[in-house]
Amino acid sequence: MNRITFLTGYYGSGKTEIAINLAIIKRANVVVDLDVINPYFRSREQVALLKSHQVEVLSNQLKDGMYADLPFIGGEVYRPFLDESITAIYDLGGNDLGAKLLQQFGDYCVNTPVDLFLVVNPFRMETSSVEQVIKLITKIEATGQIEITGLINNTNLLKETTVENLIEGDTFLRQASKETNKAIVYTIIEKSLLPIDYTFAGEVIPFTRYFQTSWN
Amino acid sequence: MAVKYQKSAGLTDNALTYCPGCTHGIVHKLVGECLVELGLLPDTIGIASVGCSVFSYDFFNCDMQQAPHGRACAVATGIKRVLPDNIIFTYQGDGDLASIGIAETIHAANRGENITVIFVNNAIYGMTGGQMAPTSLIGQKTTTSPFGRVLQQHGSPIKVSEMFATIDGVAYLERVTVTTPKHIRNAKKAIKKAFQYQQEKRGFTMVEILSTCPVNWGIKPVDSLKWLEEHMIPVFPLKLFKDTGEFHE
Amino acid sequence: MPKVLMKGNEAIGLAAVLGGCDAFYGYPITPQNEIPEYLSKYMIEHNKVFVQAESEVAAINMVYGAAGAGKRVMTSSSSPGIALKQEGISYITGAELPCLIVSVMRGGPGLGGIQPSQADYYQATRGGGNGDYHVIVFAPETIQETIDIIKESFDIADYYRNPVMVLVDGLLGQMMESVDLNKPIKKRFLPPKDWATNGMKNHSGRNVVSSLNIDPQKLENHNLKLQAKYQNVIKNETRFECINMEKAEYVIVAYGTMSRIVRSALEVLKEKGINVGLIRPISLWPFPKEAFKQIPSNIKGILCTEMSLGQMLDDVLIANNGKHPVGFFGRTGGMIPEVEEVVRAIERFQETVVK
Amino acid sequence: MNDAVNIRIAGFGGQGVMMAGQILAYAATSEDLNGLWSPSYGPETRGGTANCAVIVSKKPINSPVFLKSHHLLAFNYPSLIKFMDRVKQGGFILYNNSLVSETVLVEGVEVIGVPINDIALELGSIQVINMVMLGAYLEKSKIFEDSTIHKVLAYVLGERKAHMVELNVKAIEAGRDFIRKQGLIHA
């Protein structure tokens, strides 16, 4: 994981939850909310939680902007590139549409090594085959003009996830990794399911669901 | 310490919320400066529309109303008719003005409503996240035209100024842009003239300003200025469409 | 001549002028055309504002603008036209602006017909605009009452900073009656419109008219403030009339033209030895629930009558709260019930009872 | 007058049916009674059958619509057929027997034919058939004084049509005259 890491993926693949978990576990200084696609479940909603872990959230300068149906980003989102003491996780919007924002950082990435990780949940219909994953990678790289440097295995069926599901997902991701030549960096596993007597590809990240609401 | 540069008194102290590289900020500044230079701030009521500039009522340092999507010119008409000596302007994007609000805008122009319309055309829907606008270019990919705008399916980009040039009630109409200092100076001249004509009660005035949207275009800010010049200006040529000329008592 | 004969729609126009109307913005639609026709002449002759807009949508937004500028503004329309105005009405309530909306109902749904109807009770009292809002709705039954209420409407709208709708049917708009234009109206203390956007030279600071409230907590607070206002409206502006309630065997609920037909039916029923009372809501929102407290406990039932098919019935059922059997009689589509039909509905009350 | 009088006036659009009704309502207002005029409006007012209802009453007027009228003024055959069964017992019908050749009988209702087209043509203007009918009605009902009607006529016609007042007054008088002569025949 580089000092600056972007998270991309299909809609609903779990990018935002992972951004928050990684920020806390990996002690990042900043989470940058670049999700201009979806007005709900954005990392900017977890400002208080992240603050308690000394993580700052950057998005826009909009007064009451947290809920604005406005794709505004503020100039502040460039700060981690200019201040080398900052470790930052950038949470992009879904798909190649969300990855469109990467364009805005192209010039900065020339001098600063960055990671761009693709979050994959094989139980999302749109990324349930290796061909689909490859297609998504091609689209995101073409739109964002940045190479994807790793995969994050986020196999889950929310609360109904079983260990069998996880192993199935690991097999899938290993296959995808082989065909795309992109390493599996992390495997995300809900804390309650751990420990599991099985060797998952990449580092296992014990996961807490922060967006849990009373109705799911 | 001598003040070399200062934010225009035509704008409030609120920080602009527009994305890096977006030219809304420049247009705001020009409108604010013109109102100040003409001494119009105490008389002015601005109409914020729906779109990225929905919060413009927080930025212009005058009385403001926020209008429903597309209805800015109707709201402006309502105010101007009861306050004929005040200065009324609308600040609208291409979705607001040229799509949902085209009827309100055309009829305000046709009645010769003595108002000024600042029309910011960036060929995309910014606020809702990059969907196709009535002014999106042929071939332009947006979130609702993922295969590019197709003539046979979506029609061609609507040329608002060309259309409004045919309307008798229009007293002044010019298309400008703000991509270079020279263009910015021209844009300011146009905006100022529009407000002056309104002061002289000469009818409907509009300035169309070609603008950028780096985030939704998916282009770096500097490149987006180039993209505007290379792609938008050929479709929307910069031009003075209508000017009723020097004022004669 | 203390009284004059006036057509309902003309009377609405003149009464609005007497109420201090500064500007009218509207769009033609039958059966309310005499309102803009009358005002197009009057307003221009008296140096006031009249604009025929390009649509009902534009008209209501012109009202929004001019009301925001602090003026007394009105629009008028009929059923499908009011449907188009709902967007603006929602914004006007959200931005807390006063205005007068006159709705002259015709038959629906869709283009429907141009004959009188009361099928826009829901449209007026529930509204089709978005959000938790209310419009204060009055439904007069005579042209005299229409005049008196319209004259007062701008004061009520200004007082609460909320639109007032006067709801009549096409018959009231089209017919002529003897009226007295000079009846006095209630005097109210009205606060200055220091919120109006009329240029900063006219007030200190910057005035902004907006219904945008992006923070959910702030928006909820704003809504709670509106609700508190509506509670005041319920307390102060609920209007109704109760007739012949003491010894009533049945009570009929009716408003507008329908209540006049019912009044005639009460006389016929009395001759037949059946004592029937009438609750006439004058304000439809707020609906006069407390009128139902005056209903004798031993009545045989309540008959809700409408020139529609059971819209006010909802409010009657809520107000009755299961206490008495409730029957329903209605005609719609522009059919005006005969007095005898109402008489028959009471005589065969059991057949009308709503299950 | 103690009880309300319900009058229905019906005919083709263009026969001046609405105006005749309005004059009665204006007259009621000017005598400080309550007057109500309500039209059956819509497409039928343009060439089809048109009718209006007038109520004159000392007391406030309740229902603006009524099933049965005391008096019916029928300007043509379809109107007569449509409304003749909706006249109260003891009431009367005046119908235009310039256009209706049949003899009409309604039990308990007096039916009088008035050749309003012929009378109007004798006066030189078919336009005033409504005034001839109004005159016949005023004579038959004795509902308003001539002075009231003349005052209303001047108001309704306004300055622009002031020159028409004389002809209209003449037509009303001709209608009255016809009924007076009818009375003599009956006597």
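A, B, C and D label the chains in the order they appear, each numbered from 1.
Convention: contacts are C-beta pairs under 8 Å (C-beta built on N, C-alpha and C of every residue); 3 or more make two chains touch, one makes a residue touch a chain.
All values reported here derive from a predicted model rather than from experimental measurement.
K.L.:
For chain B and chain D, which third chains touch each of them?
P.N.:
Chains touching both chain B and chain D: C.
K.L.:
Which pair wins on C-beta contacts, B-C or A-B?
P.N.:
Most C-beta pairs in contact, of the two: B-C.
K.L.:
What whole-Å value do you get for the distance between chain A and chain D if each is reduced to the mean of its CA atoms?
P.N.:
Averaging C-alpha atoms per chain gives centres 85 Å apart.
K.L.:
Per the centroid of Cα atoms for each chain, what is the distance between chain B and chain C, given in Å?
P.N.:
40
K.L.:
Roughly how far is chain C from chain D, centre to centre by C-alpha average, rounded to an integer in Å?
P.N.:
35
K.L.:
Taking each residue of chain B in turn, which ones touch at least two of the other chains?
P.N.:
54-55 - these are the residues of chain B that touch more than one other chain.
K.L.:
Pull out every residue in chain A that's touching 2 or more other chains.
P.N.:
62, 65
K.L.:
What part of chain A is in contact with chain B in the complex they form?
P.N.:
Against chain B, chain A makes touches at 36-37, 60-63, 65, 69-75, 77-78, 97, 100-101, 103-104, 106-107, 143.
K.L.:
Chain A touches which residues of chain B in the complex?
P.N.:
Listed in rising order, the residues of chain B that touch chain A are 14-21, 52, 54-55, 58, 126-130, 143, 214-216, 218-221.
K.L.:
Which residues of chain C touch chain B once you look at their complex with the stated criterion?
P.N.:
Per the stated touch rule, the residues are 22-23, 25, 49, 51, 53-55, 57-59, 61-69, 71, 73, 87-88, 91, 95, 197-201, 206-212.
K.L.:
In their shared complex, at which residues does chain B touch chain C?
P.N.:
By the definition above, chain B touches chain C via 12, 41-45, 47-48, 54-55, 57, 61-68, 71, 74-79, 81-83, 86, 103-104, 106-107, 111.
K.L.:
Going by the contact rule set out above, which residues of chain D touch chain C in the complex?
P.N.:
Spelled out, the residues of chain D in touch with chain C are 22, 25-26, 28-30, 32-39, 41-42, 60-67.
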